[in-house]
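Chain nomenclature is as follows: A, B, C and D, assigned in order of appearance, with residue numbering initiated at 1 for each chain independently.
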Amino acid sequence: MSMNPIRLVPGSGMVRGMALTLRRFFEPKATIRYPEVRADIPPKFRGRLQLLYDEYGTLKCETCFQCAQACPIECIDMGGMDTKGRFHVHWGAAETYGERREESALRRSGRTVPDPAYDHFEGVDVGAVDDILEGFDHDPAHLLAILEATQAHYGYLPVGALKRISQVTGTWYAQIYGTASFYGHLRFEPPALLEQAAAMAARRPAEQAFLAGLGASLSGGGGDDA
Amino acid sequence: MDRAFRARLESRFGDVATEPIRQRHDETELRIPAAAAPDVLRALHDEPEFRFLMLSDLAGVDTGEQMQVVYHLWSETTSDWLRVVAEGIARDEPRTPSITFLWKGAEWMEREAYDMFWIVFEGNRDLRRIYMPPDYTSFPLRKDFFLPDDAARSPGGGVRPMERSHAPQGTSAGAIRRVKA
Amino acid sequence: MTAVSRAWGRLTLPGRIVFTLVPLLAVLGAGLVALIVLFGGTAADLILANLGFVRFLAAATIILVITIPIAFLNIYLEMKVIALMNLRVGPDRVGPWGSLLSVVHGLKVLIKEDFTPTAADPIVFTWAPVVTYAAAVMTLLVLPFAPGLYGQDFNIGLLYFFAVGGMGVVGLLMGGWSSFNKYSLLGGLRSAAQIVSYEIPLTLSVVGLLILAGTMSLNQIVQQQSGWFTDWFVFRQPLGFVIFFIAATAEANRTPFDLTEADSEIVAGFATEYSGMRFGFFFFAEYVNVFILSALAAVLFLGGWNAPFPFPALSIPLYPGSLGIPLLFLIALVPIIGTLALAAPFYLARSSMRWWVALIIGFVLFNVVAGGLTFAWAYVSFDWVAGLVWFMAKTFGFVFVFVWMRGTLPRVRIDQLMGFAWKWLLPAALLNLFVTAAAVVIVGS
Amino acid sequence: MTTTSHPGRHASADDPRVLLDDEIGVFGTVPPYPPRTEREAEFYTLGDGQMFLNMGPQHPSTHGVLRIVLKLDGEKVVDLDPVLGYLHRGVEKLCENADYHQVISQVDPLEYVSSLFCEWSPVMAFEKLLDVDVPRRAEYIRVLSGELNRIASHALFMGWFALDLGGLTPILWSFIERDEIVEMLAALTGQRMLFNYFRIGGVNGDLNHDFMSRLGDWMSRATGQIEANLTLLNQNEIFVRRARGLGVVDTETALAMCMTGPNLRATGSPFDVRRAHPYSIYPELDFDIPTRTEGDSLARYLLRMEEIKQSLRIIDQCLHQMPDGPIMAKLPRLLRPRPGRAYAAIEGPRGQYATYAISDGTDQPFRMRIHDPSFVHLQSVGLLMRGDLIADCMAIMASLDPVMGGVDK
């Protein structure tokens, strides 16, 4: 390959470079002027976190904890009613919620945390759990049986007990929670709380009837699309 | 799987190997005692039938029962990755010879293994901590490492198994993960 | 609570300022008038007696003041031109096309914390930017901007320029030394080595020109280049011009010789520990230096204020004063008529246009036209306007080239930089000097 | 048994960390603690007229948070000691506590300019552990997106290299190229930087129209644009003079320093995992492995620019040969591979990315070793730089193209 003789002149490369920059000086620019012009987001973009609503405007989330279990950095956290009308605790990073913020500050400063919010979670004697786990050889493969035995002992599944199981067997809390919430015969609340939940669930048909009536009155009898 | 290569390995290193040579997919595994690693690796590097000039990777492994240093080598003479597992390093006081005399580039990888597993490579002239600060005292990738984090003392403790500050009580047998692989 | 204080309490902030300023200004104005009445004659006598000194003071004040807009303009050019070359838009939010951004930068620098490192030498640290800035400003004094528009016309003008300009490096060195930071130290020493080395080819490159010109006064050098552009020294001293330009790049610490503040190597060089207005002084000095060296290049080699061709002497017999009373009508009516006349075509041509939009367009257009006409008149009538236009055009042409180079070239290494100065530029400058001298002797004899 | 105190813990009494002591002074000649190793003792002993310069962790051109202690003699770098760990996130530990699917998103941010390659080797290792065959279409998509990512990474390298040599403009031009590719990959994978696209047994999502139209649009003008950008540097005398003969390394030393990738190929060795130990569909594709023999910074730069052209060739072939079929192998939701070990290495833009995974039969890897080329290359900076100037320090480091996210893991 023969060398272009012009290239042998010292400084010619710099001159070419400067010619190139001068040409670019007049070319259209690549900047997107952000607040006025917004780059189009591809349809598959998944940087936007949102919960899905169904066509009636209620959340589709069933608090099944599947996403929390799958989340690699454990940032997902939730709370609410599941399909059976039971209230589920939320459980996540301590800093996530306002009500835990003070506790967090205490913790960072090295003082003991009074922790009233968790008294009814922690206020169980977990010695029994240890015995149960000993019986199952600390093997998370027998998780369902462990949970059943725990419920048989306490009458329900206290959070403290679940945490103990998680701690000892090394299983993720979300996994234990997912298992426990999957089976209808396992419950997280003492029977008293269950009654409240049942009462709350019993209110639901009345609310639905009210909403239906509202919809009918709004549509003015013109159609039945509500 | 390169059967001929396996035969060559068998005939050359059969007496040093602690276990029969295994092959799976495109990997050939040779297990040797850690003390023999410099000689074996030097032979693999220099002898014309092997010519393993490239050290692809050096990894420390804590199996829960012993420490291992795993070398992955590449050569033109075979189509397999050669995995040399230098095993039998005591967990209490892991010491093994360094191979920086063969590959100077192993220096940082050995430092990393030291940093993470407390495996002391004798002969590495710069065996310092590499990732963790110099005043750090524990070895994070060991299986008996539990994170002494404030998260472990919080009500959320136990939600993440790795944030335990210590092995759970009453579980001496199941305290750490082990592998027989 | 008196009525005055109650009224004061109800005032807004602008109101308070106005109510404070108005009496103050009134008192001051009255005092001034009284002073002029009492001592006006004496003062006028004094001024007339020391006209040279007064002229010097006025020029120094004006030059000190105009360095700020010059630096702002250079900074804006730098930001905008490099951005456009990078295929960016660059500053476009503050002011039209972002042109006020450098002003905002200046204000930002003013209100930032003025920080001195604990172990720094506070006196040297404080004075370093002042020395650098003063050196830059003082060199402006001998630059002839236009016929009759210069601070002082020394007969050793060029020598003065190089002597005072070389003082800037003392400031950089002071800053680098006193900052108690190794990056600063390296930057300061680099700048000392670099600028001292490049002073020599820079000075030697113009010696050939001085032989041709026979004077060191910048004014006379410019006057010698009047006429066609072929009389410019760049065509008689091409090698000298190239050497001068390269050495000037190094003197101004511009890319590819910006080693003193090479951010990828020594963070910000001598300015690493500076913040606030002290950094601002360094920053301004740098950009003023760019302007000064561009101006010097224009003066020495491109004919300074001279137009590239002799302008045909047009004498427009337009003396506004001779019009008398009709001038008042002209001033009153022409803007309105002009605006309406220029707005009418837009309003009539496009039915969708609102009348006030058309009026705004007409007003802007009228201003452009009137400004253009005024400028043309001034250009033809006044020597110094024409001279200033050409001088600024040439100077900012050079500034653009400096910025353009920054947008294109990478940085050289310190040993390459020094080697280039001593191995290539210095012999070339000597060769240039030798050839010029020989040619002068041969032609002269 | 409570094992609160680790058997391996040192007593910290012999480890007094004294910072800015009056006796040492700010320009002290010893590190704030007694030297631990032979090398450290040697390094922290100052010779006549030498001084330390602490470069980083806050420095404009350390490519992340790296600290380098330079031992200087004037402007000349006598010796240097990189200090790592400012970006250490314990990815290997996190991977041991995540199940196999979650690992992919853990390794993603390792080298954030070429994330797909960070995903590729773990995914391949897990596929080996599970004995999964990846559908051919998925392999093609992996190669296609991977080569795009390689171009993006090399384009960025060009910009960083020029920036460290003092050129302002190339980085912005190369960011334009990179941004087009990244937007394209966002259309394919759903994210701009941390793609999280490869799955064990395939990829997450098929090629879509958005991606294909952007790709076709870009391919039609990519070559011209990249060539134009290159003229700014390749012919520039200042650039060439600075990069030529800088940080020269020969093949033997490079192999001893465990260098791979473009840095090794610039010395003349043709080692490229894509050819030396073929994986995926690379044996079926027609492309060259460019090599150069100089082994200096300029060779490393030119080699990467040549690789961009080869990657464009590969992309072109992938688009023409793309088969139909599924993009995921049939796999259970919860993966529990048999106990065993697997090693998988791939050729990334910086060299060989490798993963060594050990399974103990549970749903989480027992040990996951990530081999990152940046880490290995960074340790040879000292070897390449003895006796050069500070300015060359940055240039050599940039020519090795380390990414601190990968170095510190």
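Heads up, the rule we're going with is that contacts are C-beta pairs under 8 Å (C-beta built on N, C-alpha and C of every residue); 3 or more make two chains touch, one makes a residue touch a chain.
As the structure is a prediction and not an experimental result, all values here were calculated from the model.
By the document's definition of touch, common neighbours of subunit A and subunit C comprise D.
Ranking every chain by how far its Cα centroid lies from the centroid of subunit A, the top place goes to C. Ranking B-D and C-D by contacting C-beta pairs places B-D first.
The central chain of the assembly on a C-alpha centroid basis is D. One finds 67 Å separating the Cα centroids of subunit B and subunit C. Centre-to-centre spacing of subunit B and subunit D amounts to 22 Å, using the average Cα coordinate of each chain. Work out the mean CA point of subunit C and of subunit D, and you get 47 Å between them. Per-chain CA centroids place subunit A at a distance of 37 Å from subunit B. Residues of subunit B in contact with two or more other chains: 160-161, 177.
In subunit A, the residues that reach two or more other chains under the touch definition are 14, 17, 20-21, 24, 30. Looking at subunit C, one finds that residues 85-88, 407-409 touch two or more other chains.
Those residues of subunit C lying in contact with subunit A across their complex are 81, 84-89, 92, 404-405, 407-409. Residue ranges on subunit D touching subunit A, taken from their complex, read 94, 98, 101-103, 105-106, 169, 173, 176, 179, 183, 186-192, 205, 208, 210-211, 228, 231-238, 240.
Subunit A makes touch with subunit D in their complex at residues 7, 10-14, 16-17, 20-21, 24, 30, 39, 42-47, 70-73. On subunit C, the positions that touch subunit D within their shared complex are 82, 85-88, 119, 180, 182-183, 186, 190, 255-256, 258-259, 262-267, 406-416. Residues of subunit D touching subunit C in their complex: 26, 51, 53-54, 59-61, 75, 162-169, 172-173, 176, 232-233, 236, 238-239, 241-242, 389-394.
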